[in-house]
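Got a structure here, written out as structure tokens. Questions coming.
Read from first to last, the chains carry the letters A, B, C, D, E and F; within each, the first residue is number 1.
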Amino acid sequence: MPQLPSDKPFGRILLTGAGGNLGHQLRSALADWAGVVRISDIVPLSEAAPHEEVRLVDLSSREEVLQLVEGANAIVHLGGISVDAPFDDLVEANIRGTYNLYEAARKHGVKRIVFASSNHVTGFHPVTSVLDADAPQRPDSLYGVTKCFGESLSRYYYDRFQIETVCLRIGSSFEEPKNPRMLVTFLSYRDFIELVRCSLFTSRVGHAIVYGASDNATKWWDNSKAGFLGFRPRDSSVKFADRFPAIPVDTDCADPAQLFQGGAFVLGEPMYIDEQ
Amino acid sequence: MPQLPSDKPFGRILLTGAGGNLGHQLRSALADWAGVVRISDIVPLSEAAPHEEVRLVDLSSREEVLQLVEGANAIVHLGGISVDAPFDDLVEANIRGTYNLYEAARKHGVKRIVFASSNHVTGFHPVTSVLDADAPQRPDSLYGVTKCFGESLSRYYYDRFQIETVCLRIGSSFEEPKNPRMLVTFLSYRDFIELVRCSLFTSRVGHAIVYGASDNATKWWDNSKAGFLGFRPRDSSVKFADRFPAIPVDTDCADPAQLFQGGAFVLGEPMYIDEQ
Amino acid sequence: MPQLPSDKPFGRILLTGAGGNLGHQLRSALADWAGVVRISDIVPLSEAAPHEEVRLVDLSSREEVLQLVEGANAIVHLGGISVDAPFDDLVEANIRGTYNLYEAARKHGVKRIVFASSNHVTGFHPVTSVLDADAPQRPDSLYGVTKCFGESLSRYYYDRFQIETVCLRIGSSFEEPKNPRMLVTFLSYRDFIELVRCSLFTSRVGHAIVYGASDNATKWWDNSKAGFLGFRPRDSSVKFADRFPAIPVDTDCADPAQLFQGGAFVLGEPMYIDEQ
Amino acid sequence: MPQLPSDKPFGRILLTGAGGNLGHQLRSALADWAGVVRISDIVPLSEAAPHEEVRLVDLSSREEVLQLVEGANAIVHLGGISVDAPFDDLVEANIRGTYNLYEAARKHGVKRIVFASSNHVTGFHPVTSVLDADAPQRPDSLYGVTKCFGESLSRYYYDRFQIETVCLRIGSSFEEPKNPRMLVTFLSYRDFIELVRCSLFTSRVGHAIVYGASDNATKWWDNSKAGFLGFRPRDSSVKFADRFPAIPVDTDCADPAQLFQGGAFVLGEPMYIDEQ
Amino acid sequence: MPQLPSDKPFGRILLTGAGGNLGHQLRSALADWAGVVRISDIVPLSEAAPHEEVRLVDLSSREEVLQLVEGANAIVHLGGISVDAPFDDLVEANIRGTYNLYEAARKHGVKRIVFASSNHVTGFHPVTSVLDADAPQRPDSLYGVTKCFGESLSRYYYDRFQIETVCLRIGSSFEEPKNPRMLVTFLSYRDFIELVRCSLFTSRVGHAIVYGASDNATKWWDNSKAGFLGFRPRDSSVKFADRFPAIPVDTDCADPAQLFQGGAFVLGEPMYIDEQ
Amino acid sequence: MPQLPSDKPFGRILLTGAGGNLGHQLRSALADWAGVVRISDIVPLSEAAPHEEVRLVDLSSREEVLQLVEGANAIVHLGGISVDAPFDDLVEANIRGTYNLYEAARKHGVKRIVFASSNHVTGFHPVTSVLDADAPQRPDSLYGVTKCFGESLSRYYYDRFQIETVCLRIGSSFEEPKNPRMLVTFLSYRDFIELVRCSLFTSRVGHAIVYGASDNATKWWDNSKAGFLGFRPRDSSVKFADRFPAIPVDTDCADPAQLFQGGAFVLGEPMYIDEQ
């Protein structure tokens, strides 16, 4: 293992799911926060920089995860499946995988995890509601259900073992909004990175729930109960509003994807692997 | 009827109460949103522009209203009486008139109405409270009671017939504040128009309640539960603050008009027409 | 006018709607509480007992109501239309009629009114909710909307003129339940009379909202916020449960009358008189 | 398959986990409610009565569950693991098993499931709190986490597919309380059966959460928000109170099993199968 | 000191204010709960029974209180002034006295105190409200303010030193109700003793707030959030209702003593000793 | 006494505790708001300006305070002890002193007091909570308990005598933040003065509670319920953030001063004067 330099706030941060869209964004930012950045994914990652450790890991493997976590001071857990998928796949990646990660954290004494939950844990709330951290879960998909599991599990590890977690209910984090719904759910990369920074650097977070959205005009989520994280988005989807001109209201009102915050996710159907 | 051009979001918007203060402000803005703007009032309106249809209508007439609404895709209902008045007049204008409008909307398939409710539906809350959409109604006048009726009626048409309504609890929308109370309740014309725009263009609004106030320093109303409308005021009464210097607190504390949000409305008395 | 004997708590109580089902029940009970019981209806009533004054009154007539109220110390207002009806009829009976009554009360100094509101002011809440006095109104019919009006109006008369009102959101008050829904909404005559007694005899009631139901097993309504009224039902629909055997759950789930507390009311449609 | 007689409310009810403590209690009660009672467990069950169908089923097997559910009109799902256990076992029994059950219900058109959740989904709330259906989940064990999963999953199947579920957060259902904690959490067999009856026979339940406890003196749970189920416990732990004399308060206060509602569950530790 | 027999749940319980009305009631009950009952007052008490220790103590004396508390396992603190009084007297008895008691408890390791707070900490709530443990304090007198102090102080000692307190907001505990208000606030002696018993014998109470009232018909207070104490009143003021016949509502409405829960307390005025 | 000039909003404002840190800041600001500024402290103050009256006063002296308050139109009460201290000292300065001040205000007809409460009335809430005016008090020290007393007392004087108070729960008001905690609790001098200005100049405040913090990134307190005061901070601790670099999360988690909002205050211990 490379030596841990002393001039960064964290000795070693582990980033799972580093090969995905958001993992890619975060990879470089982590270099400023930790002497060593360990990154992992189930798919091969690009070559390690001098301060990086690259691991190819299947999160459903207890032994691999146990090794992966060793030596980390904090974890940003983006790994797993981030779209709807057959249940058996979700079980391995999001349920067993998340359990393996928390067990490894417990065994290695990691005290802080930033967990990529999802707005889809509340996606069956109507688009005419504004939710905060106390709104009941209403998952909009099996995927959302597995994210509820991650939130429950992390709550347990906090109450039982004092491992702190910030659950990020991420909206839509892309270069720019791709459809009208994303004008509401948009989280710019810059704001996403800031949200992770707040989650790692706030001295105590307990078990926190925060929605990840930029300062968009339309708001479905109210983060005021997470004010102790100090997260202030600096971007907004407003500048992209012209791309998605408003649709007359007399279009079909019965489309569930227009009625619920989860959008098209609410139309998915559970499936077994061989039913894909 | 004029043809409906295809390059505006709405084919035809109906504006009632177009001859009033706020109707006048909205009339020109609507031209950008709808191919045809139908405007009506019980008093004669100025000449129609090419994109306009002008109607002289008594809202208490079922037949007139039925004709008025035909062909509209959305309605901004400012019509009726907007100050305290004899009960019989209020019944005709604000109770029967609003009922006629919603019945006509139902019969003609209109799916969205922006209803000018009023801050006076909650005017008997003290000035030391901050209200949101869940605060109980406390009408401060018979006028306020009839606006409560409009809110109840529109709730019914939403639950029963899925006709969406945004109830605008408008503060004081004038060129500028006219008294100290209006420093709190001021809604600039620009912000009023923006509020109507959000109410018409948000794809789903359900049955929404939102207070209409600019971004004034003092706040009696908290719109965070209506965040899904995307309304962000851009003006403020702050620039007018100097006109109404603060009054020493040891002046008479027992004046109800100083104690309740409704101001002088709370001093009115119900009356029959012949008691005016 | 007969003399007011001094040995009853109230000198004179006025009961409107005395010819209806509940009025009939209450008529005899009132004899214990008031020296003079004035009863009125729009239809002829049976002959007056010695302690009674019988009046034939149209509530939509301002003058008739003004005379009716003169001399009363308290009012139990059951009058008006208690089922869905054409809007114009509801306006006269439930809107103008209630206004006339409150205006008359104000002019004659009456300080307490027991107002027969209805569970139909919240009938569009689902049958899987439990409501209390703070639940938002969700009227299930035009009839329900006019009862919302009565609640708003009485709130105004309390805030403005300190006339106290208890709004009774009566469930189904009959000899016995007539259908499965009434197992939940049943209010025995004895409990109804007790509820009116509490509403009249509690020394201060402010503007109170209380649901009228017996101590049935299934509960849609929670009266704990009205505990200051001291109302304790003594009857229950349990003894009638056998008449309405449970229906297998796999029957049609889409019937709105099964989904909402208002039952069949939610299927009604607004109408004008000539559309009956 | 045996014929479905027409004189019982349900044609066929499926009971999973029939071999357990509570399953045993329920087995005979079901005979009154359904023409055919299909019972299953992963361990052999006693011989079928004439109205019964006995199945040996592993809930983690998709095919077995699919067959098990066919023809059922309603399901009482007690199956799975009801104590803390290695994670992999819990995944198969409580996560995959519950998923298989709901998927089978969806495919076979079952519209009502009574799900044995547990008070351990909220076991990390202190014993000095009173919880209702809106209290946030605080699982006290991995077992509790998997019950949270079941609640989330059933919520999803309700929002997405209108399959109704009553989640029974069962306390301690035994012949009699076995320790001081059970004086609070005790649910008599008779009350348990009544709770299941209410859950099956209430015409609409949506997605309901109800705690299963008898009418014990000490209350940690408030079921008033589930009043629409009509559940009224008839038993109480009071008669057993003498067996567990009060302990002086100056005994050790730092024992977590005394501080949290979950009791000894909060002391468990997650484990893999080979760590048992 | 007498030996502590081992057959009572508590070794030694200290009762302050033993000479007052409620202290007198409790004195005999304590004999069943503790081997030694130490009783104190600022006025001489009747002769000690064999199991009793009698002390004459001024609570405002730090040294006397320190000695008084030594050896106690739990404290029932009824001492101090229980009516309105000059501020300086209240400071000594209720502020300095309560502080001395908690400091002595801390120094001697006492872990449980039952503190006689009062309904007068919320006496400025209107009689048309129902309060629970979360209702904001609204003291109705200087006396009430000093009871607020006791609640704040005990909260601090719980958060800081884990000394548990049950704050009893006692209503009117007498042989029988003495006026109409007491029909609502009545706490029978038997129920008072039961409330103290629950407060002492519940294994964990944290910092609890509970109103002390019997099961009277009219309810201003809702103890459901204190359900973990297991307190169930068995008496009711109903049997005394005839003594206080209802007063017609048209009597003077402006009497504050009729408007607020505190009754005549709200009419008191702060005073210095020499102003009595 | 100097004459009261007529061109300032207030004739005479009294400032207690003028010799302290915040008193010093406020002294000059008051010159703009009042014709005469009377300042007092228990320690000598610098020489009076022409518009000032300087008084040396011990707040625990009833007579001195009575004289001090005479002629004032409003009071800003910063006097008393603002750190933890022996109980007897706190009693004199913060309990008796505050009582003397309110009694004097009542006798001299002062109708508005701005009371320096403290964030330490809620300091035992965890740093992972966001509090508003309705959060329960959790004092973190005896000092905090005496500030709770001040809030209770002022509530009483409002309900009983209509003397209005704004309770300022001041965070950390210094030239700049001195430690990491103060990045959250920082209140710039400029914002402090603005907060006092709003508290004095809002025409009606009732009994208001507002936290005093600048617009810092991290927020423990939510002032939206005090929006009627019109307070908008203009400063932020963000510019000082670099001085307190984030600490890795794996440092000791068990330090109470890191866990609770009160910081080091939660570690203090009550003491008598001779125990200092």
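Everything below uses one rule, namely that contacts are C-beta pairs under 8 Å (C-beta built on N, C-alpha and C of every residue); 3 or more make two chains touch, one makes a residue touch a chain.
Being a predicted model, the structure only gives us computed values, none of them experimental.
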| item | value |
| --- | --- |
| Inter-chain centre distance, chain C versus chain F - centres from mean C-alpha coordinates, in Å | 51 |
| Mean-CA-position distance for chain F and chain A (Å) | 41 |
| Chain B-chain C separation of Cα centroids, rounded to whole Å | 32 |
| Chain F, residues touching no fewer than two other chains | 224 |
| Overall pattern in which the protein chains touch one another (line/ring/star/complete/other) | other |
| Contacting chain pairs - touch in the sense defined above | A-B, A-D, A-F, B-C, B-F, C-D, C-E, D-E, E-F |
| Touch list for chain E against partner chain D, complex | 9-11, 73-74, 109-112, 162, 164, 200-206, 208, 224-230, 232 |
| Chain C-facing residues of chain E, complex | 126-130, 180, 184, 216-220, 222, 224, 245-250, 253, 258-259 |
| Footprint of chain C on chain B - complex, ascending | 62, 87, 91, 95-96, 99, 102-103, 106, 124, 134, 136-142, 144-145, 148-149, 152-153, 155-156, 159-160, 266, 270, 272 |
